[in-house]
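What follows is chain A paired twice: with chain B in the first complex and chain C in the second.
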Partner chain A sequence: MAITILRRLLAAVGVLLLISLFTFMIFFWLSPDPAVQICGKTCTPERIDQIRSQLGLDLPFWQQYWQFLSGIFTGRTYGEGAAAITCAAPCLGFSFQTNESVTDMIVARMPVSVTLAVGAAALWLLAGIGGGLLSAVKQGTGWDRAVMTTALAGISLPNYFVALLLQYLLVVQLRWLPFPQSVTFTEDPLLWFQSYLMPWLVLAFGYAAMYSRIVRTNVIDTLGQNFMRTAKAKGLDAPVVLRRHALRPSLTPVVTLFGMDFAGLLGGALITETVFGLNGVGKLTADSIAKNDQPVIMGVTLLAAALVVVANILVDVTYTYLDPRVRVKSA
Partner chain B sequence: MSTVPSELAVETEPKGVLPTGSAPTPARRVISTLRKSPAVVFSVCVIVFIVLLAVFAPVLAAITGWDPYEFDPTAIDSDLGGVPIGPFGGISSSHWLGVEPGNGRDILVRIAYGARVSLMIAVSATLITTTFGVVLGMVAGFFGGLADQIISRVMDFLMAFPSLIFMIALLSALPAGNRPALLVLVLSIFGWPYTARVIRGQAMSLRNSEFVEAARASGARPVKIVFREVLPNLRGTIIVLATLAVPSYIGTEAGLSFLGVGVMPPTPSWGQMISTAVGWYAVDPMFFLIPGTFLFLTVFAFTVLGDNLRRVLDAGDAA
Partner chain C sequence: MSLTAPRTISIPVAGSTLLEVDHLTVTFPTSSGPVEVVKDASFRVESGDTLGIVGESGSGKSMTSLAIMGLLPRGGTATGSIRLNGHELLGRSDREMRRVRGDKVAMVFQDPLSSLNPYYTVGLQIEEAYRAHNGGSRRDARRVTIEALERVRIADASRRVDHYPHQFSGGMRQRIMIAMALCLEPDLLIADEPTTALDVTVQAQILELLADLQRETGTGMIFITHDLAVVSQVAQDVLVMKDGEQVEAGTAEQVFSNPRAAYTRALLAALPRIDDPFDELKGTSR
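Right, the complex of A and B next:
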């Protein structure tokens, strides 16, 4: 087991290195010169050279990549002497737009993304698993059809469209909710809840739709297996059979999916955050893309990749505990 | 029950129509089953309508008299910040689905041209990812060994990627250039593993089947076995995967355009229209409702069709 985890960790480090390398290459070769961008309109060639050497942009590719990479672990110093600017340990550089540290920017916006992800996840797990179970148990009935049609709509509706629709109906037309505002829970709990309600619903709808379809297929699959017939033949009640024997094998695949989706959301719900004006990591990403703020884009891409990779490992470990068959195979 | 007469019908066909030696195609059975589902009939109608809209976009522009880039200052109220004049976002005999606030461009014509861009990107990406996914998946699954190792590792890597963020990073770094082509490229790079993974699994199980063994025993070369024996057996899977790939690419393209890294203005695109509509949603809801509905219906129709195709083809395999 320990060796399996160790091997997975090594592979994860490899994947992260590759991702950082690719991201770096993209910006190194494809993007317009950042020095020109920072310098602005009134710019002299000397000033551009100065910025280049200050940021280390005049170095060859591998050296720049190495500086970036080592900066994440040991921090780095820009420039020399009195003009030197130090960037502490998890250093992702400074924003070209605001000159803030990218790490600080991300850390400052994490709480919003976490709040969004946790609330939405609770909703979609409840609705997705509940809906899928209901649909599978009542297979072929009106319940089944209603849940599956809703799910189909859910996976076909783009979430920004749902967001606009909800906002138009609930805020503009019915006036049930105020315009979403960025308040913290401690400032005004009610307004906080009202502001997050629509983003949670919008995010959860899409995921719940996907999960209910998967749960339904898995439960129906499991119900047709031999051990289910045995359980029923033993004389167990249908609810007991469902709870004790069918649920676990049909829900284990959901764990994989959930790990990835949740980690993905922690890295920022780009569209939802943008539409509702929530100041999370996703909005930071969208804003920095609009302004071509490369260090920030690099930072959030790496963060998102790291979250997904870590979630992948956690999922694999959890899986071995949930599904004995995997444990036997890997031993 | 319903399959019996159709199978008989296939058998009564003149022998020359079917390739000799191969089993009768299940296409007729599939079509006759699908035709009985109202959801499928509806979906096919929607798809045909959208395709016609895309193909005849220039004709529509000629009929309505509006170019997709043409401003109509008479259709908007400049005193109210450019809100369309008239009910429902300026719907009138001259602008059938109203106009865009701010500039008065005709929404219907822009929707039609947007359908063009959207379908062209999604279908191109589907063709590319299906081709690569099927070939690489078959090679990995059928030959195994080193080829499988390499292809599988690349697939794992691409699928572990936070692909949306990466697509955005890539597209935002790339110079403007030919935007639709870049979108197809980016969608294809991250899309093919999803096809290849399924094909690989099926090719692996087909590798040990009797007809492959028979072909091998008769001295057929491996490449010939792959294309003549394995590929025809994957036909159903490929059709389903491709049908479901189209809506996912339409959705992704619209999302990327919504975020401002996809199709660039002034080229019309549904995602981009909705993105512009964000600033107007309170005063002119029709501006996001119309492109949003078109986008939803298109994705919905392809998904329903793909789902049903899979259901019917799976049932056929089991029978």
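Right, the complex of A and C next:
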């Protein structure tokens, strides 16, 4: 087991290195010169050269990549003397547009994205699993059709549309909720909750739709298994049969899915955060892309990749505990 | 005596009639009208005896057993009469039938791997059967479970009880299914093709085990198979089914030595015989 995990970790490091290399390559060759951007409109070629050497942009590719990579572990300093800017480890780069280290920018936005992801995940797991289960057990009835129709809507309606629709209904027309504002929980718990409620719902809707369909399929599949007949033939109560024998085989595969989706969301919900004006990592990404703030885009890309890779390992380890066929070798 | 019928079922006396099935008809609705998958079947099982039900796929033999268990697939209805120790089973609520299932009538299925839940240890799966009917502590249930595993000759039962189904061989898994069925000491055991998925040597071991356990406990048994050779080894009485109809019924001796139905004769003729090298030729000439 320990060896398996170690091997997975090594592989993960390899994957992350590759991702960082590719991201770096894209920005190195494909995007406009950051020095020109920083220099602004009243710029002289001498000034550009000065900035280039200050930022290390005149160095060859591998050297620049190495600087970037080592900066993550040891931190780095841009420029020299009094004008030098230090970026403490883990340094994912420095944004000269905002004069902040990328790491600090991400860390500052992380709480919003985490809050969004956790709340939405709780909602979509509840709705997705509940809905899927109901749909499967009441297969072919009105319940089933109602859940599946809603799920179809959740899958096909774009996030931003649902967000706008919800805002229009709940905030403008019905006035049940105030317009979302960026407050922390400690400042005003009620307003905090009200501000997050719509983003949670919007985000959860799409995922819940997908999850309910998957859970429904899994449960129906499990209900048709021979061991379900055995369970009934033993004289077990119907709820026990469902809870013990149908649920676990049906929900174990969902763990894999959930790990990936949740990790993806921690890396920022771009559209939802933007629509609701939430200052999370997703909004940071969107803003940085709009401003072409390359160091930030690179930082969030790496973060998102790292989260998915880590989640992947966690899911694999969890899975071995959930499925005895993976955990225990045949005798 | 309590007023609830299922608890009043008497203790079987050897040789007394355990199960009486009369005019059992199982119907399924289809788009082109109802289809009878079992038509007017009537038979008896004496306690301590074995009734072999023989037939090819789709002959209705499995539906007959599921009707007795009250576990017909959705949409299926059974009419007629199924009496266990004189008590009618048809028409009972699912709740009442749950007390019969496992406790009075237990079942062993064809494919032991898919019949066991891969996510739970075999011990837990036997324990839950015991506890569903007897309550009691987990420790009691575990003791009974280990005893049951020992009775079906699983070596090192106290350790194996915590293993998962995939850690056992096919024959062992079927022993586990049998242990599960017998831990509650049912009056009737329905074995639905219990050896079909197993290879021949294991098949023989399982048949021997079933016979031994039946001698010990006096359980009545319905043995469903498509294999006449197997029936001749285990059953005192034989019922031959075809297309949902009962084409022949009688003692094993009668059916094998003096079959009345043409279908039974054809089935018997299809059996390879070790003492008759020209069997194949003879079979085709008939």
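One rule holds in what follows: the second predicted complex is superposed on the first by the 326 of 331 C-alpha atoms of A that agree within 3 Å, B and C clash if a C-alpha of one lies under 4 Å from a C-alpha of the other, contacts with A are read in each partner's own complex, and residues count from 1 in each chain.
Going forward, a residue touches a chain if its C-beta (ideal position, glycine included) is under 8 Å from a C-beta of that chain, and two chains touch if they have at least 3 such contacts.
Values in this document were obtained by computation on a predicted structure and should not be read as measured data.
Chemist: Check chain A with both chain B and chain C modelled on it and let me know: fit or clash.
Modeler: The answer is fit.
Chemist: Compare chain B and chain C by how many residues of chain A each one touches, and report the one with more.
Modeler: So, of the two partners, B touches more residues of chain A.
Chemist: Have a look at where A:Arg248 lands relative to chain B and chain C in the superposition and call it first, second, both or neither.
Modeler: After superposition on chain A, A:Arg248 lies in contact with chain C alone.
Chemist: Just to be sure I read the superposition right, which of the two partners does A:Pro178 touch: chain B = first, chain C = second, or both, or neither?
Modeler: In the superposed model, A:Pro178 contacts neither chain B nor chain C.
Chemist: Looking at A:Pro189 after the superposition, I want to know if it touches chain B, chain C, both of them or none. Which is it: first, second, both, neither?
Modeler: neither
Chemist: Applying the touch criterion given at the start, work out whether A:Leu270 contacts chain B, chain C, both or neither, answering first, second, both or neither.
Modeler: In the superposition, A:Leu270 contacts chain B only.
Chemist: Return first, second, both or neither, reflecting whether A:Gln225 touches chain B, chain C, both chains, or no partner chain.
Modeler: After superposing on A, A:Gln225 lies in contact with chain C but is clear of chain B.
Chemist: After the superposition, pull out the minimum Cα separation from chain B to chain C in whole angstrom, please.
Modeler: Minimum C-alpha separation, chain B to chain C, in the superposed model is 7 Å.
Chemist: Which residues of chain A touch chain C once you look at their complex with the stated criterion?
Modeler: Residues 225-227, 229-238, 240, 244-245, 248-249, 252, 323-325, 328, 330-331 of chain A touch chain C in their complex.
Chemist: Going by the contact rule set out above, which residues of chain B touch chain A in the complex?
Modeler: 157, 160-162, 164-166, 168-170, 172-175, 247, 251, 254-255, 258-261, 271, 274-275, 277-278, 281-282, 285, 288-289, 292, 295-296, 299-300, 303-304, 307
Chemist: Which residues of chain C touch chain A in their complex?
Modeler: Residues 69, 71, 94, 98-103, 106-107, 109, 111, 114-121, 125, 128-129, 132-133, 163-164, 166-168, 177, 180 of chain C touch chain A in their complex.
Chemist: Quick check on the complex: what are the chain A residues that touch chain B?
Modeler: 15, 18-19, 22-23, 26-27, 30-32, 152-153, 155-158, 160-161, 164-165, 167-168, 172, 264, 267-268, 270-271, 274-275, 285-286, 289-290, 292, 294, 297-298, 300-301, 304-305, 307-309, 312
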